[in-house]
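Shared between the two complexes below is chain A, which has chain B as its partner in the first and chain C in the second.
Moving on, here comes the complex of A and B:
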C-alpha cells in the first residue's frame, strides 16, 4: 500500500510522523550547537583571558597569564647562592681585588664595582652604585640616560615612543621616575605571540653594521641573542647624534678582543685617561656573548638559555625555567642533561678552569699595577710625551686584554682557551711595556726599583688615588633617602 | 530525483513539505560542515585537533622527531589493508566523537588495548630493520618472550609524546585548532 493512501486512511499517523521529525530536528540542532560550543571552547581554552599593550612594562601582568614562568622569574631575587668566585649575592669586587682600584684610577669603576645580583634587582642595584652619582638638588648625574638601557622593562616602550636617540639623551636622573620595573618579560618577548624578540636598538644596529640580517637567525640563536642585547661589550659614541651618548656595539670588524681593539683604535676612542700613567685606556664592559661564542659549548650549538634557563617540569607541565642564574646552582637540569657525571665532579671541572685562569690573571694584574706606577714615576722624573707614547699604548692594549678576560661574568668557563689566550698575550705586552719603561727611567737617571705602595685593601688603594669614599657614600645615602622614594611614588600614582 | 518527486504529496502540501525537508537537510549539511566531517577521511594531523582535547598529543608529536616522517594515522590506524584501515578509523573515530560530545573525556588520556596493538605493529612496520638485524640476534630461552610479549613503548616511553599528557600539560602550545567556521567575507560584511 502506498504511504500516501495509508495517511489518507489514518490521519493520526501523519501527526506521529510530524512529531518524530520535530524530535529528530530538535536533537540534530542540539548536536550542531554542541559541536559549535566545543569548537569555540578551543578558542578560549588556549587564549589568554586578559590583554595588555605590546610593551607592557609591569612583569606581574604577564605573570597572570604565565604564572609558572613568572614565579620562576621572581626567584632571581634569591641571593643565597655563592660559587667559588661569583654567585647571586652582591660581592664587592674592589674589596676582593684591590688592584682593580689602581687599574681603574681616574675612572668611576674605581669608586664602586660589585658583582651584580639577579635581574630582579637591576633597577635597585644601578640606583645604589656610586658610579651613577648623587643627583640631588639639580646636580646632574655623571652618567647619561643610556645607562638605563639594559636595566628595565620600561625601556622598550619609551624607545618606541621617543626613538633610541631620544631615550639616550640627557643625564641619568632625568628618567628616574619613568624607570621602575626591573629587567623582565617585555625585554625579550613579543606580547602577542610570546616569540623572542630583540627590543634593544644597539643589537639591531650592530647586525646591520656587520651586514648581517637578524631576521634570519634561528630560534636557537635567538635563545642567545636576547641575552646579547645586554651581555656584550659596548661603548657610547658621541658623534652619531649630537649631544647624545649613543649606545653602540663595536662589532664591525668582528667579535674578538683584537677585532674590537682595532675598531676603537680606528676611531681613536678612549674611555678615560689613566690617573697615574696617563695612558689612553679602554674599559671592557661585560663581553659575555663575544667570549662565549669562541667556546666549545657555542660551537656545539648550545644557547645561553640551555644552561641558564633549562627546561623544568612542574605539575606535569614542561616549561622554561625563568630563574636565570648560575648553572652551578642547578647542575641537574643544566649540565647533567648532556654530561652524565656526578654534580661534584662537574662543579670541580668548572672551578679547576676558574682557578687556573685566576692564577694567570693575578700575574697580569700585578704587572699592570707596576706598569701604572712605573709610568707615573717616569712622568715624575720628567719623561717626554714621545718617549712615553708607545709605552702608554702598550698599557692600553695589555689592560684591555685583562679587562676583556675579567669583565665577562663566566668567561673562564664559557671559553677557557680564549680567556687564557687573552691573559697570556696581555702578560707579554705588559712585560714589554715594563722593559721599555725601565729604559726610559734609566735614561732619566733612575736605576732603582719603583716601589708599589700598600694597596692590600680597597680603602688603602682608594685613598692612594685620592678618592673620598666616605663622602661619596654619605651623599649616595642622602640620594637614596630623598630622591629614590619620590621616583618610586611617581610610578605608583 | 523523479522518485523523490513521486514521494512528495500532491496538491497544497507540496510546497511546505519541500521547505521543511530543505530545513532538515540544511541542518544535516551544517552539522557536517561545522564538524569538518570530511576531513576525517584524510590523514592530516590538524584533523585530530578538531577536538581540542587532543592538543597535548598534537603538541608533543610536533616537538618530536616523528614529526618529520609521520602523521597521526601512520601510527594510530592499521596499515595492513585499506578496509582494515578505514574500519578501525571509523570505529575509533566514532567512539572519540561520542566521548567528546558527551564530555566523558578523562583528564589524562590513555591508549586502549586495540590502539596499543595497532601502534606496536606500526613501530615494526617502519623500524623492522631494528628487530631483523642478524647482528642483534641472540638465542636464549627468553627470546620468544622478549621479542613477542613486550611493546617497543615499554622501554621507549617518551617516544614521541613524552610521559605526561594530561589535558592541561601544554597550556601555551600553539596548536592549529579549528578556526572560526564563519567565512572571512561574511565576517567582513558583519563588521562593516
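Moving on, here comes the complex of A and C:
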C-alpha cells in the first residue's frame, strides 16, 4: 500500500471525524446561545426602570424593580440566628450585665439596652426602647429628632427638603408621622443610577472637617462608608445651629479612641454627669467603623459589605445579598471566599478572640463599678471638688475606653488587639483612680473597704440608682398604644 | 481538484510536519534527559554517606556531607539584621529597660541580660554572660551543668553515655572542656537517617508526664518540637535525683501561663525571693513554643521551621534553610509563601502588633517596679508577714504574667492576643496589689507616696540593688582569659 492509497483509505475516517465535529460545534453553539440568553436575562433584570421619585422611602417600591435585593433585605427581619453570646431574640444587655446599669447611672442607657436587631426593626425598636421616652398628651419627647437620623429611609427625603439642621430641629412628636419606614434602599442608593451614595450630612461634614474629599473615595471604600453613615461614634453638638442637637462625628483628630477623647476634651464635652461618682462621663455610641479601620480586614481592603453583604448568585444573576447579618451565619459566602477552612474552625477562631477579650472586659467592668461606688463614698464622707477632680477625669477616661471597646458590634473580631489594648488601658487608668480614691478616703478618716451593694440583677441595680422602671414601662406602653398607631396610620393614608 | 488530488498535495505538507515533529521530539528528549540528570545529581547529593559516629558534635563533619545545610547554618553567625526593636548587635536589654534590673533584684538576670544572638554563638554567649558566674582557681561555678543543656551539640553524646541526670550533675568546671561546639546538627538530627529527633530528655519526659506519646507526632509537628527542646519554659527540680538540678518542662497541667503557674504553685516552687519586696518570685524562661501554640499559625499547622527555616532551592536541589533567623529578614521565603502581599506591609503588620503590646507592657513594668518599692517600704515600716502574704503572692503572679509575655522571642507576633491578655491580667493583679499595699502602709501610719528612686539607667538601678558590676566583670574577664582557652584547647587536641 503506497502513501496515496493509505491517504485515500484514511479520507473516509476524515469525513466521519468532520461530521462529528460539525454536530458537536452545532450543539456548542446552542449552549453558547443559551448562556448568552441567560446573561441578557440577567442584564435585563438589572436595568433600572425607575418609576419612583428620588429618595423614595418605601422599600417595597424599590423591591418591584430589584426583587432579589429586596427579598434578601426582608430577611433582616429574621432574628433566629444565635451566636454563642446571643441567648435570645434580642438579648437584654442589662439583664446579662447588670454592672452596666451602674456604669450608666444617671443616663438613659441604664433604663434599657438591648442587642440590636436587623435593620427591618430599626423604627420599631427605637420607638420601643425606654431610652427614647414617651411623647404622650402634649408632653414633648425627651428625644430630639436627631435620634431618628439613622433609623429610617424617610430621612434622606426630609433632609433634602429641609436641610440637616431643619430635620434635626425639635423633638419626636414633630416628626413621628414622617418616620415610618425602617432603614432601607434610599439610605445607601441613588435612585437613578443605583450607585452607592452618602445620604447623611454628618459623614460628609466629618470628611470635610478632617480635610478629606469624599468625592475621591473608591467604590470599594463606599461599600464601607455607606455603613459608616450610622455605625460610628457620634455626638449632638448644641453650638452649631441654635436650638438644634446637631449630629457630628468627632473625627477631626483621627479615629482612635484616644483621638476622639482628645476631641471631646478640647470641646469640654460631657454626655452626662454620673449619678453616683459625679464624673463627667462620655458615652461611646457604636464606633464600629472606627475600630474596624484599625483591623486587619480593613487594612487588606475588605469592606463591610464583603462580609456582611457578600455576593450571591441566583438564576444566572450575581447580586449583593441584602440580608445584612453576622458573617458567622453565612461563613460559606463571607469568610470562606478567602479563608479555605472548615466553618467550625473559622467560627471557633472568632469565639477564641471574644473569650480572651471578654475576660479582660469583665475585669474592667468590675473596676469601674468599684470606682463609681468608691467615689460616691468619698463624696458622702465630705470629699472636696479639688480632691476629686483628677479621679473623676480618670473614671471618665477609663469608662470611655471600656465603652469604645464594648459598645461596637463585633469589635473583638474586627480588631481584637486594638480592642484589648483599649480595655487594658482602661484597666490601668481605673486602677490608678481606685488607688487615688483610697487615699482620699483615708484623708477623710475612712480606711475600710467600700462595699459594692448587690447588683446581681438588673432590677436590683436599677432600684439602687432610683429608677422606677414600672412607671417608665407603663408610660411607654401608653405611647405605643395611643401615639404610634396614629403615626403609622398617617403614613397609610 | 478532487479530494484525492487535494490529499496527495497535502501529503507533502504532512511529511514536513512529521519531520519537524521528529526533530522537536528529539530536542524535548534531550531536555528531559538534562532535567533527569540534574535530579539525579540532586538525589545523589542528598544520599547520606555517613562517616562519623552517632551524636557527632562537630558540625563541620556533618557539613562535609550536607554542605548546603551547613553553609546556611554558618550564617547564624551573621548579626547584621536589625528589626525595629534591635538597635545593636546584641541589644543590652537592661540598658534599654532598666526597670528589669529592679524586677529581677536578687536574681542573676539583674546582672546581665542581652538579646540572644544566632545559634552559632550559643557557647560563646553563655560563657560570657555575668549570669553564669566564674569558675576560676578552684572556686566552683554557681551554674550547674544543666545550664549547658541547650547550648551545645556536645550534649546528646554525653547524655547517651551518662544519662540525663549524669550529665546535669555538678557545676561548670566539671564539663567545661566537653562543651565546645555550639548548637548544631546532632541536636535535631539522627545521624543515620537524618530524620528529626528529640535529643533532650526534658521534652520526652514532659510529653510522658502530660500523657502524650511523642512517637505519634507527625513530621510537621517534629519541625516545631525539635525547637521546643529548648525554646520553652523550664525549671530545675532538685527533688528528682539527689544533688542534681534536674531539667523539667512544667507542662503537666497544660501550656498556658496559668496552667504552668498552677503547676509551680502546687509544687510551692520559687525561683528566688525578691531582694526588695521579698516576694516568692517565678522567672519565666523563654516560653516561645507555649505561646506559639496559642496562636493562629500553630492552629493552622504552620511549624517553627516553615517560617524560621523555610525551604530554598539551589542548583536544582530543594533544601531547608538552616540560617535560622527572624522571618522579617526573609519575608520572601517565609511569609510570602502564603501571604501574597508586599514585604513592607507584612513587616509593618508585625510592628503594629508589637507597638500595641509594648504600650501595655510598659504600663505593667511600671506597676511592678512600684509594687516592689512599695512592698519594701511596707517591710521597712514594720509590716507583718500575714499582712504581706497575699500581696507578695499578687506580685509573684503579676510579674509571672509579665515575664511569660515578655521573655519569649516573638510572642507579640506568634500570639498577639494571648500575649496582651496575659499583660492585661498582670496589670489588673499588680494594681490590686498596690491598692492592698496602700492600705498596709496606711495601717502602719504612712499615707504618703512611696517614691521610686532614679532607675533611669542600668548602672543606677544596679547600684541601687547593691550589685558590684565592675567586680563581676573583672572576674568574668579573668575566667574568659584564663579558663576558657584551656577548655577550648582541650577540644583541639
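To be clear about the criterion, the second predicted complex is superposed on the first by the 440 of 493 C-alpha atoms of A that agree within 3 Å, B and C clash if a C-alpha of one lies under 4 Å from a C-alpha of the other, contacts with A are read in each partner's own complex, and residues count from 1 in each chain.
Methods note: contacts are C-beta pairs under 8 Å (C-beta built on N, C-alpha and C of every residue); 3 or more make two chains touch, one makes a residue touch a chain.
Since the model is a prediction, treat every value here as computed from it, not as a measurement.
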First, second, both or neither for A:36, with chain B first and chain C second: first
Partner chain(s) touched by A:283 [first = chain B, second = chain C, both, neither]: neither
First (chain B), second (chain C), both or neither touched by A:356: second
Comparison of chain B and chain C by chain A residues contacted: C
Partner chain in contact with A:200 - chain B first, chain C second, else both or neither: neither
Contacts on chain A seen with chain B and repeated with chain C across the two complexes: 4
Touching residues on chain C, where the partner in the complex is chain A: 3-4, 7-8, 11, 296, 299-300, 341, 345, 349, 353, 356-357, 359-360, 363, 367, 416-418, 420-421, 423-425, 427-428, 431-432, 434-435, 438-439, 442-443, 447
For the chain A and chain B complex, residues of the former touching the latter: 4, 21, 24-25, 28-29, 31-32, 34-36, 38-39, 41-43, 45-46, 66, 194, 313, 316-319
Residue numbers on chain B that touch chain A, as the complex places them: 9, 20, 23-24, 27-28, 30-31, 34-35, 51-52, 55, 100-101, 162, 164, 166, 168-173, 175, 177-178, 180-181
